[in-house]
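Take a look at the structure set out below.
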Amino acid sequence: MAAYVIRRLAYGVGVVFGVLFLLFVLFFAVTEPDDIARKALGDKAPPEVLEIWKQNHGYDRPLWPWQDWGDNLLFDHYRKMLSFDFGLSDADDSPILDRIRAGMGPSLSLTVPLLVLSLVVAIPLSLVVAFFRETYIDRMGVFLCVLAMSVSTLLYIIGAQFLIGKLLRWYPISGFDSSLAMLPRFLALPLIVGVVSGLGSDVRFYRTVFLEESSRDFVRTARAKGAGESRIMLGHVLRNAMIPILTRVVLAIPFLFMGSILIESFFGIPGLGSMTVDAIQANDFSTLRTMVYIGSLLFVLGQVATDLSYGLVDPRVRFE
Amino acid sequence: MSALLEVRDLRTVFPGEGGPTPVVDGVSFDLDRGEVLALVGESGSGKSMTAFSILRLVPKPGRVVAGSVRLGGEDLLGLSVTAMRRVRGRRISMIFQEPMTCLNPVVRVGEQVVEAIRLHEDVSRADARDRTRALFAEVGIPDPEARLDAYPHQLSGGLKQRVMIAMALSTRPEMLIADEPTTALDVTVQAQILTLLRELQQSRGTAILLITHDLGIVNELADRVAVMYAGRLVEIAPRVPLLTEPLHPYTQGLLRSMPARGRPGEPLPEIPGVVPRASEWPRGCRFSTRCPVRFEPCAETYPAESHPAAGRRVFCHDVERRLPSEGAR
Amino acid sequence: MSGLDPYVWSNLVTVALVVGGLALARFVRGQRLWREASVELWRRRRVAIVVVGVYLVIALLDSIAWKGGVPEGTVGVLPNAPLTVVDRLFLDTKEASYSAPLADVEFYGGRPLRRPGTHLLGTDILGRDVLYMSLKGARVALLIGGLTSLIAIPIALFFGVGAGYFGGRFDDFVFFLISTLASMPGILLLIALIMVMGRGTLSVCVALAVTGWVGFCRLSRAETLKLRELDYVVAARALGVSEPRIIWRHVLPNLAHLIVITFVLMFSGLVLSEAVLSWLGIGVDGSWGQMIDGARDELSREPIVWWNIGAAGTALFGLILAVNAVGDAVRDVLDPRTLRAGE
Amino acid sequence: MERGDVAGTKGRGRRRTRVLVALVVLATLYAAGCSNDPYPPEAPGEKVLYGAFEEAPRSLDPATAYDTRAHAITGAVYATLLEYHFLKRPLELMPSLAVAMPEERALADGRVVYRFELRRDLLFADDACFELGGAGRRTREILAADVAFQIARLADPKVGSPVVEPFSHIEGFSDFAAALAARRESDAAFAARPVHEQYAAVGGIRGARTPSSHVLEIVLDKPYPQILYWLAMEFSTPVPWEAIAFYDGAEGRPRFDDHPVGAGPFVLSVYDKQARYTLVPNRNWHGLRHPEWQAPGTVYPSEGEPGDREAGLLEDAGRPLPFLDRVEVRRDKESIPRFNKFLQGYYDASGIIKESFDKVMQGDALSPEMQAMGIELGKAVSPDFFYLGFNMDDAVVGRAGGERSRKLRQAMSLVLDTEEFLRVFLNGRGLPAQSPVPPGIYGYEEDYRNPYRQVDLERARALMIEAGYPGGIDPRTGEALKLTFDSYNTSAQGLTQTRFYTHAWQQLGIDVQIDATNYNQFQEKLRNGAYQVFESGWVADYPDPENFLFLVWGEMGQSKSGGPNYANFADPRFDRLFLSMKTRENGPRRLAEIREMKEILARERPWIELFHREDYALYHGWVKNVKPMGLSMPTYQYRDVDVELRARRRHEWNRPVTWPAWVLLGAGIAILVPGIRTWRRERQ
């Protein structure tokens, strides 16, 4: 088991190195430091201005190791990223790490409840749909799912703000407050939007999983020994379906830290998602680079966690 | 004394392109207490569907549309879902062909048997577990205590089938449906399982509806044999006469193609052609497309039942022709 | 550049696509399997297919452009600019500001319109005909979905089939590449790529393709691994048939249904992604996403201006729904696994 | 799913029911507690003013902060030598930290001296940085040297203040900057020392001297009366050297940009750029420490302009300031949610967003609906000026193109219909600008008509032909003339507005591409000359035409000196007139000069004048003492709030509509019930 984890992690490290290399190619080789500076400062910026800017951001070295083995951007990029020294934002020179720290809390306070709530809503719903398979409820459910999937998230957000926030006055239209008393109020609308907009594909996915599991032979066995439908659904089907569900969930956990880009910025939640949007709008390459890197890191960890969690749910899995 | 199970004119259909397609079509037979009746036929002949129809487990969208299934005089097809659930596992148990997939892979095997017991009897978990341990020992699982906590994938195919049998017998049912119980197993294991089934059947007096395509197994286990072809019963008879002097051309073909009967050095004779699909069944005798002795009425009308001897029933125009007095009745 | 004008290129590409489409149709008719599949598809999803067809026709009409033929002094047209059929249908329809569908006067203030009663879906804040804008969105959406798939699927096939068939180092490399790309958060990678490549239709499509090919690559690799071990492939290899020929004759045809399924299922996701990109200000000009983004504030107007976001939203929703419906059916018809599960 | 519990029959159902009941109760509680109030409850009787901001200011350093966003905070946190009277119009200066208005003394050599005397016993707000002056110290007295220090900071090239030009009227200002830069260049050890030591070592600015600890003398090279306006702005606030030395951004300390230390009526107690900031009264403010002084600006004024008494603006006369216990400002990026929250009573004041104009206004007054809500309207043409500029350094549209480019600019100017723009985008809330000088500023003439700002498509087309672009076709390419428009508004709304311009130019056959970036990047573009056509605006710093006409003064050229003359316009005649007008008293000669300058601008077209905004501000009935200043000066200390009224109204306006929830629930049940019934029937 330990050997397996180590091997798995080692591959993960390889992947992270690969990601870093891709990032380097994207942000330094394709878009050379001169380009970044020019993007930040304008196309016709005089060379001296560019130089100073590059110095301030540590971009004033040769790109590749063979140009200068001691001092080059590639090694520097790896060294900084791996030591979590993310440097300054290309847009406003603030330290990126501080902003990530500050944004993590709001992001998590949105995404964690969102994940839990999505599961709590989608799984029972899809169980119901799967339970009533081949009836009008199933057909209607599937149709509604496709319908729901065909609506752009933007429309969901705009609609919810308009309807629930403005017309019905249930919750604040937007905003954020980290105090425990106020948080639920602000999160209500983003959570509703998040859950509803994902519901279509979620329910469809879980329904497929449940149907697949309920066509298995052991379900027939359970029926043959006289188990009732609800017991079969909850005791046998759901329990086996936990495997694909868990994969999906565990894999999603790392991304909770990344926040939700659309929802955060529409509802004014000062998390990593809004930060990313701000970075995009400001052509802030260094922040964006950092976010992609962190995302990949989390993804790799998530994959290892998924593999390990298989062992917990599925007795058939053993780690060699 | 009436039979334990009386199946009459059972008809099960699946919706198809051109209307409902029958997979079991007018099947009738009895099963006495403690008797082993083998249901024989090629794959697709409807024997498994007959079994599922008895337990009302026909997979959707198929359904039983006619006939009756009486267990001890009570029509199972008329029972409520809840009442039917009390029949399944308690009065009629079933074991399946694929022990690998028929056990829930994420639940310990002991637990699965315990569930079967506790579904029907109000016993504590501990008691149920004790009973399971005893059952495991009874079905010949070595080291039953340790095996209780094993997961299905940790057991061999033979052991899994023993677990299935233990599960099926856990509530002392009057009747067991065994659907190709040995097909998926190694030859040596097959023999063990058959022996086990025979022993259990004798010690407990459980009636068995044995579904198989293997006449060898029939020979070893069955008291009577029912042969099915394309959803229809073609011949039903006690084991010995059926195996020694089969009457229906299909039964004859089936027997001829058994390896044990062939002579060394000669190719096994086989029945020409294939079983037609349900949508392509002829109007008359279902076997008429492949029958070596077919004549005019065969393709047009379905043969009536003939009783060539006591306890024997055949559905064949040729037999009818040769037994005019019987056929006229 | 001494080459041809962009619009001439666009015309040529359009013609090529139409010819390619016709050739494909001929091929489908010639093959029993595909013919039956398409007949079945038509039987199941008649309406959805017709809807997709309508979008296609609109996009085609908006793809063929030529210069000239515009009366002198037409409002809202640059001199000497190539115009498409759709452009020409809506020549000279620009008003000053909002007007409701089929209205005679402006929505706010009630000034008379230049062309009263002709704007089926009203006009937007700058007085542009909403129907015209919505129709133009069709081409953009199909371009995004189609072009991206045209880039992504061949790449995925090349790497996936190559890795699955040849294995070894190449497989290791491809697998590593897939893991690496898959581990980067999709939307961020997408944004990064667009920011690096600059804004514009092509770079949006390339970026979507780069982030989108991984899934299909994985699928085709796995499928090829299976096909490779099939008896007739092994036999062909044993008989000394050349590898490219085996891939061409035995592997690719068996992946064809997966290609079709992937194409259809990928399409709607791509178009929806573009809507998000539009909101981030890096979408494709003239897309429905941009229209929705531009019109979302109008929902708060009093009295409310609904036709703008309504038209764009409906156009987008209609296409996605139709494609999703067709996609479901395509999967059911072509994927034998689901067929078996239904029995 | 509990492990190994596949076979529990008894008790299981009951447990499940209990969990279900608990969930339903929880959900009901959540739903019942649902409210759209975005704030935690205030302390009883606490007076809180609620506001919103769109984006955090880049910097709160009073030396560099130069926009309304920043002034909303710096104006409350920093105090200045002089300030404006809250009620009197035209605006009138009065002493604030200074004991009295300065004595003005003209020297024989043309120099002018202003002598300020600071009040005694003024303290900075409590702050950790004062530990640098001794352990445990939280504050210290404000001295004249602190003002001189800040003026030196303005000169410091490293600080990068945008107002170097007006302050360089101070004697020795530029010399100081040059000397400082030179020492830093040559002496690395010097450059590493704290800045206050550097300034002292260089010897300070000659013209900002402190003869005694509480006296500051400002010496100007030549007369520049506008300097007093500048001394009423935060640029010249006293800044403690400790704050600069301490807040360097190192070792987890914030930067001075984000951590103001001042002497104003409020302190910034919470500052989260992403989410909110909070101002609370500064207990070291002289108004609170020395109410007995009755100093101007620390008690509510008892006189104003006619009409103030009727408007209830004098009700609080003589009461000590400030009235508020807290100012709570939340970030709200999107305008629509922001306005809706205002309508729900959660922001106390708001502009009118264009989307809701027709709901809010009816003709010139508030709609009955708004009046019924007790909302009040403040309306004023603000002293600002919006324009589209041409970069005169550009080869196509700039001066290099000579006559040809001028004709192109004239043509482009002739097709922009500002009236239409205002109607479509601003509900007519604005005045089409004929010149940079807005109403209310000397030199504005109501009947002046700029000959190139009257829409005339025919004339514009003719000019295009004269310019060598017949029908908009660029003879070099044979295609439409291509120009780039640099915009700093990336929102969809902004893009639409920009398209209004490009559509207008399309009529001339010009193909104008839009390049939208955010504001900071736009600034960078300007700094680097990478632009062709751009949009910009100017809000007055002080009420003088000089403050508008300097936008095209050659010396202010962006490419030349980094000044706000983004058009890089430079015309010798104009510059001469400007310099002479600048120091002249208002009168016929000044007016004549201004007129001639307007004519030059009309002909040369370095910009296309768009409009002067008309500010419509909405206030809820519970907000008291609101009077628009025009200039960007926050006046939180005068503001008052009727807390009870607000609580009552908010409650009234925000009753949630709950029936749709029940309808939804009912629909869900209605969908499921037949299914369950069929299923149950099958079971029998």
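As written, the chain order gives the labels A, B, C and D, with residue 1 at the start of each chain.
Convention: a contact is a pair of C-beta atoms (placed from the backbone, for glycine too) under 8 Å apart; a residue touches a chain by one contact, two chains touch by 3 or more.
From a predicted model like this one, the values you see are computed outputs, not experimental measurements.
Peer 1: Based on mean C-alpha positions, which chain is nearest the centroid of every protein C-alpha shown?
Peer 2: Looking at where each chain's C-alpha mean falls, the closest to the middle is A.
Peer 1: Please work out which of A-C and A-B is bridged by more C-beta pairs in contact, and write that pair.
Peer 2: Most contacts of the two pairs: A-C.
Peer 1: Farthest chain from subunit D, going by mean C-alpha coordinates, please.
Peer 2: Of all chains, B has its centre farthest from that of subunit D.
Peer 1: Measure off the straight-line distance from the CA centroid of subunit A to the CA centroid of subunit C, and report it in whole Å.
Peer 2: The mean C-alpha positions of subunit A and subunit C differ by 25 Å.
Peer 1: Cα centroid separation between subunit B and subunit D, in whole Å?
Peer 2: 87
Peer 1: How many Å are there between the centre of subunit B and the centre of subunit C, using C-alpha atoms for each centre?
Peer 2: Computed value for the inter-centroid distance: 55 Å.
Peer 1: Where the centres are mean C-alpha positions, what is the separation of subunit A from subunit B, in Å?
Peer 2: Taking the average C-alpha coordinate of subunit A and of subunit B, the gap between them is 53 Å.
Peer 1: Counting only residues that touch at least two other chains, what does the list for subunit B look like?
Peer 2: 82, 107, 115, 119
Peer 1: Tell me, which residues of subunit D touch at least two other chains?
Peer 2: As it turns out, subunit D has residues touching two or more other chains at 6, 336, 340, 490.
Peer 1: Find every residue in subunit A that makes contact with two or more other chains and list them.
Peer 2: Within subunit A, residues 166, 235-236, 239, 242, 281, 283 contact more than one other chain.
Peer 1: Contact residues on subunit C for subunit A in the complex?
Peer 2: Residues 176-177, 179-185, 187-189, 191-193, 195-197, 268, 272, 275-276, 279-282, 289, 292-293, 296, 299-300, 309, 313, 316-317, 320-321, 324-325, 328, 341 of subunit C touch subunit A in their complex.
Peer 1: Where on subunit A is subunit D touching in the complex?
Peer 2: Checking each residue of subunit A against subunit D gives 40-46, 49, 91-92, 102-103, 106, 128, 132, 135-137, 140, 161, 165-177, 179, 181-182, 184-186, 188, 234-236, 238-239, 242, 265-266, 268, 270, 274-275, 281-283.
Peer 1: Over in the complex, which subunit A residues touch subunit B? Could you list them?
Peer 2: Touch list, subunit A to subunit B: 133-134, 216-218, 220-228, 235-236, 239-240, 242-243, 313-316.
Peer 1: Of all residues in subunit C, which touch subunit D in the complex?
Peer 2: Subunit C reaches subunit D through residues 75-81, 94, 96-97, 108-109, 125-126, 281, 290, 293-294, 296-298, 300-303.
Peer 1: Taking the complex as given, what residues does subunit D use to touch subunit A?
Peer 2: These residues of subunit D touch subunit A: 1, 6, 30, 33-40, 58, 272, 274-275, 330-334, 336-337, 340-341, 344, 346, 490, 517-518, 520-521, 524-531, 654-658, 660, 671-672, 674-675, 678-679.
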